[in-house]
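Read the structure below first, then the notes.
Order of writing sets the chain letters: A, B, C and D. Residues in each chain are counted from 1.
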Amino acid sequence: MYSFKNDYSEGAHPRILNALMESNLVQEDGYGEDQFSRKAVELLKEKMGRTDVDIYLLSGGTQTNLIAISAFLRPHEAAMAASTGHILGHETGAIEATGHKILSIEAENGKLTPSHVQAVLDGHPDEHMVKPKLVYISNSTEIGSIYKKSELEQLSDFCKKNKLILYMDGARLGSALCSEENDIQLSDLPTLVDAFYIGGTKNGALIGEALVICRDSLKEDFRYHMKQKGALLAKGRLLGIQFLELFRDNLFFEMAMHANKMATLLREEISKANIQFLTHSPSNQIFPILPNAFITELEKKYSFHIWEKVDSDHSAIRLVTSWATKEDEVVALIEDLKKYK
Amino acid sequence: MYSFKNDYSEGAHPRILNALMESNLVQEDGYGEDQFSRKAVELLKEKMGRTDVDIYLLSGGTQTNLIAISAFLRPHEAAMAASTGHILGHETGAIEATGHKILSIEAENGKLTPSHVQAVLDGHPDEHMVKPKLVYISNSTEIGSIYKKSELEQLSDFCKKNKLILYMDGARLGSALCSEENDIQLSDLPTLVDAFYIGGTKNGALIGEALVICRDSLKEDFRYHMKQKGALLAKGRLLGIQFLELFRDNLFFEMAMHANKMATLLREEISKANIQFLTHSPSNQIFPILPNAFITELEKKYSFHIWEKVDSDHSAIRLVTSWATKEDEVVALIEDLKKYK
Amino acid sequence: MYSFKNDYSEGAHPRILNALMESNLVQEDGYGEDQFSRKAVELLKEKMGRTDVDIYLLSGGTQTNLIAISAFLRPHEAAMAASTGHILGHETGAIEATGHKILSIEAENGKLTPSHVQAVLDGHPDEHMVKPKLVYISNSTEIGSIYKKSELEQLSDFCKKNKLILYMDGARLGSALCSEENDIQLSDLPTLVDAFYIGGTKNGALIGEALVICRDSLKEDFRYHMKQKGALLAKGRLLGIQFLELFRDNLFFEMAMHANKMATLLREEISKANIQFLTHSPSNQIFPILPNAFITELEKKYSFHIWEKVDSDHSAIRLVTSWATKEDEVVALIEDLKKYK
Amino acid sequence: MYSFKNDYSEGAHPRILNALMESNLVQEDGYGEDQFSRKAVELLKEKMGRTDVDIYLLSGGTQTNLIAISAFLRPHEAAMAASTGHILGHETGAIEATGHKILSIEAENGKLTPSHVQAVLDGHPDEHMVKPKLVYISNSTEIGSIYKKSELEQLSDFCKKNKLILYMDGARLGSALCSEENDIQLSDLPTLVDAFYIGGTKNGALIGEALVICRDSLKEDFRYHMKQKGALLAKGRLLGIQFLELFRDNLFFEMAMHANKMATLLREEISKANIQFLTHSPSNQIFPILPNAFITELEKKYSFHIWEKVDSDHSAIRLVTSWATKEDEVVALIEDLKKYK
């Protein structure tokens, strides 16, 4: 049984474990004030060519989202997200638990545009309703699509004009930035969004997300919020060492490229087999539509999520690849998918 | 510069890193549903001789405290804690951020007794005040003291009679249970308290605390609370593998015994040097009182916390030992302390 | 300019002000422990033929909703509501501010059915999502529709089977119960729902809603929640005196009947004028669809809400009648509406 | 049985009820946008000689405190209050329920000084603790003392220097400003504090507190917070009409003066009887210390609170006077107190 269920089925890239080993007995200060975390932050700033951003290392995506959003918003302000947005349906009300409503937007392909957001603003004119303030996007999105630079620029301009906060969930940012269709650089992001995170957990780290706060007014006292929400690890070095290794050379991007390459292989061969996709997804998640009976057969050899019903006989499944996905398992899956007709 | 600042200055016990290495490429389900986490939970139940407790693996102490306490209490109910309690002054209002007041109790040596709690109950007769409901204790306490079994039994009986929840913060439970003065077994705890956690981070793990919920009425839906607060790690295996290794044999207790042995060595030699202590602490934290000028000298060679001013010329410092503390560094520190007069 | 904007444009029924006058200098205990509040609660229980409900007097609808829902739910549990539900879009995220998500349901005519709720349950299988727990309905609804007894029975049965809490917002319960189409008695409600409130503010009181908690498990410590949310008025008598007057004889229902009578008059004459309605609303709110230019004319003489655009040339307006609506103003409005063609 | 239990035992000053009567059938917009509320706000600004403050009318003290404090603070920021502060022990954790810790300060006579606050700041150096941000004071205090202008100026200067918010709970501001020992004018307050409220409920209104926000940075979007916490009354006129009547001429101050006069009468005669007081209180609350047996006798004829035990045989009781306190009842009580020896 091989798993295409997600991109966090294995541990970490071996280089990361080695880095933990090598540094293991060095004594360091706690709570992210160790030299590794400090260096990792500096390294990330270098990679972005920016010294004016603040960077914090956190343990997971939901944690990062809830701390950032609750730190950025005042009590009456709300987030906006595509209906597919992870914070809306897959984080057990984590944002609402901090007191903030999320306004859901039906969005083609999981991506928000200025007109989507404008419609929400129009529908929220006064104090009897929440004040829409933060635009949550994810790149790649929860259904595998990615933002083009021009799309992000338009959204960014719109948010600036309307004094909105633009926040990007980058749980799968590596795969997005390494997509064949991508035209955004990591160094573009601080100009385009007010805050974003670089996902480590889904791209080869044991745990770890690097939150980048770009807008000055959002920076104050951020470590207080981390501590208050239980996110300041005593052994913060665990995060620092990993991000240092991920970005010391090109490891972070190499792993994302491998994941994408495996997904592309699957996507192309599945297309050839005349199988349709639920959505256009040029990243490491693909969503082929298959007959239910055929899915049942596949489940005997592979594990994956059944994403949604398409009609009474067909469903879309989600196949996810990662830095650890083996090419021969992909080939085997392709062979099995070719039996479809 | 050698650090006696805390018990989380190093990484993890090498066996833990080895366990991570060995299991690294095994594919597992996410979010704590991997085989390692499942086995770790079963193993812990075995060690306690109990099958009727629920156990969850979390990342850190503040996270565990805030999730447990907010899951256990209704909105109008409050926690009670000794004024030295970690949740009161060292967690950035994490409990209050979930909506609950903490009532502070001045307590000799950091430990609560039935009469302390009774006084709080007496002062909170009606709905114009919060309803005191959860008694937070820590073992060992924040100032190194430990509970005797009889003390815990009395508190436990009192809480049962008064329908209060008794919760034990076990960030340093290993050191407490391995103290020369201890007469409590791990297997006693499910009978004595309603919930407690076994601290991994401060006893040789990279990260990780195992929350044990003993009272049935507190168990329902606990994973929802974990997810909502950002504590359900995608790679939950990271926690499972560590606890499996900690409790596979006696590693957890061996590490605590080493920490205690180093503290005892320090304590005994410091006593011989006629130095007083702030508090009686038979665990891995000790608090000698030293002249400020002498402290300044010590700081050139060792790092540690200055705990509190005692008088205009003296302060108590905190020395913490761990599984990783080197005996020759302890000996060196003792030599330096002997220069005190 | 006469207002059909809402049912709270005037003060209170004169009898209520008289009751305040007469009792004004009697000394009473504060915070709802005065004799008036106590008697009002007893009187309401009598009117329902029930001694086993708990009743609390609160100041307004949003306040009542937020206190009840946050008191009833645990942190990970969510409310469900029709997309037109007042708590969803017109209370500034009051429920979310207490930490709870509201799941929105598209519902014909503003009313929920078991199949609506079942679909939400089906979509929330595990701890990665909130746990749907409380079904919020309003009667009459925000768009003027009312529940038939059989509809409420089905929903009630479904909620009992699925261990859900059924909560009814009765801001306009008077109008619902006095509708020509209604077949529900006030005394039916404690059997059908777990909690509901009887709206005073929109039916002739100065302020005041009477929350009735029917299910035993929801009753404990409710006054604590009221106090914590700022709802325990020092001069609770203000609420008690009003409800005593409203239910001393038939005043509450007489006022609702007058409001409904005025709405019926409008509805029938508007129908005759061949004007369509947005929705079937047999209560004190009606929603005729008019050409925008005609609406502009009407606005010169009457005030009312423009509810929503219907097409590029037409909009639905909302006309609300109350205990204070003057029949000659209704007649005048009808005359003006007849100019429509 | 005559009550000296509090200053909200009766309804409202008859002029207030008359004002409600007279305006009763005027149609007005809801939610505080009625002409009465608007005029009341303008009138209050006039009385203070300030056009640059924002004023909002709310229902009660706890409500006002919780909305203001939660609107003013970011999630990690805390309030500071004297241990006698109403928000600390008598509001059922209302502030904590909005997520904020309150740091308790032992303060002589219920009043805070710069050195009190400095000590809290010194004890909160970093992100492992909450950030002390708002200084909560009450005038008159919960134990009847009042601030002198110079005291308030010093505190105000200190707060400005340290970027702290100074907030005054004015539940009994009328009595404070009319105290014989007072040297503060209503018009001084906007310069001295960042926000405060003028208490109506405890000074002759049915309900109502007028919150005055003086500091610009605290003003934005305040009505959102009111709505979100259930404080925007549909019939906001109820508050507007009352404040208009209170401040149309001198009624607010006349009522406070009567309350103080009655308290002074009691205080002077009690002093003559050689009875000690718990605290110096030149306002409408006094706290004589009496033998417990004597208190039991008094309770047969008067109702009042037993405030606290002083020794095994004596307790302090609280006597509160109001606009409605009858002089002959005061004289009768004095006669009874003279039986003390």
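Following the convention adopted for this analysis, contacts are C-beta pairs under 8 Å (C-beta built on N, C-alpha and C of every residue); 3 or more make two chains touch, one makes a residue touch a chain.
None of the values given here were measured: they were computed from a predicted structure.
Participant: Which chain has its C-alpha centre farthest away from the C-alpha centre of chain D?
Facilitator: Chain centre farthest from chain D's centre: A.
Participant: Roughly how many whole angstrom separate the Cα centroids of chain A and chain C?
Facilitator: Each chain reduced to its C-alpha mean, chain A and chain C end up 42 Å apart.
Participant: For chain A versus chain D, what separation do you get between their C-alpha means, in angstrom?
Facilitator: Distance between chain centres: 50 Å.
Participant: Give, as an integer number of Å, the spacing between the C-alpha centres of chain D and chain C.
Facilitator: 34
Participant: Would you pick out the residues of chain B that each touch at least 2 other chains?
Facilitator: In chain B, residues 75-76, 91-93, 97-99, 127-128, 130, 224, 227-228, 232 touch at least two other chains, as defined above.
Participant: Make each chain a node and each touching pair an edge, then name the shape: line, ring, star, complete, other.
Facilitator: Topology of the interface graph: complete, with all chain pairs in contact.
Participant: Tell me, which parts of chain A touch chain B in their complex?
Facilitator: Chain A residues touching chain B: 2-3, 5-6, 8-12, 14, 17, 20-21, 23-30, 59-67, 91-94, 97, 201-202, 206-207, 224, 227-235, 237-238, 324.
Participant: Hey, which residues of chain B end up touching chain D in the complex?
Facilitator: Residues of chain B touching chain D: 75-76, 78, 89-93, 96-102, 104, 127-130.
Participant: Help me check something: in the complex, which residues belonging to chain A touch chain D?
Facilitator: So the residues of chain A touching chain D come out as 31, 70-71, 74-76, 98-99, 127-128, 130-131, 221, 223-228, 232.
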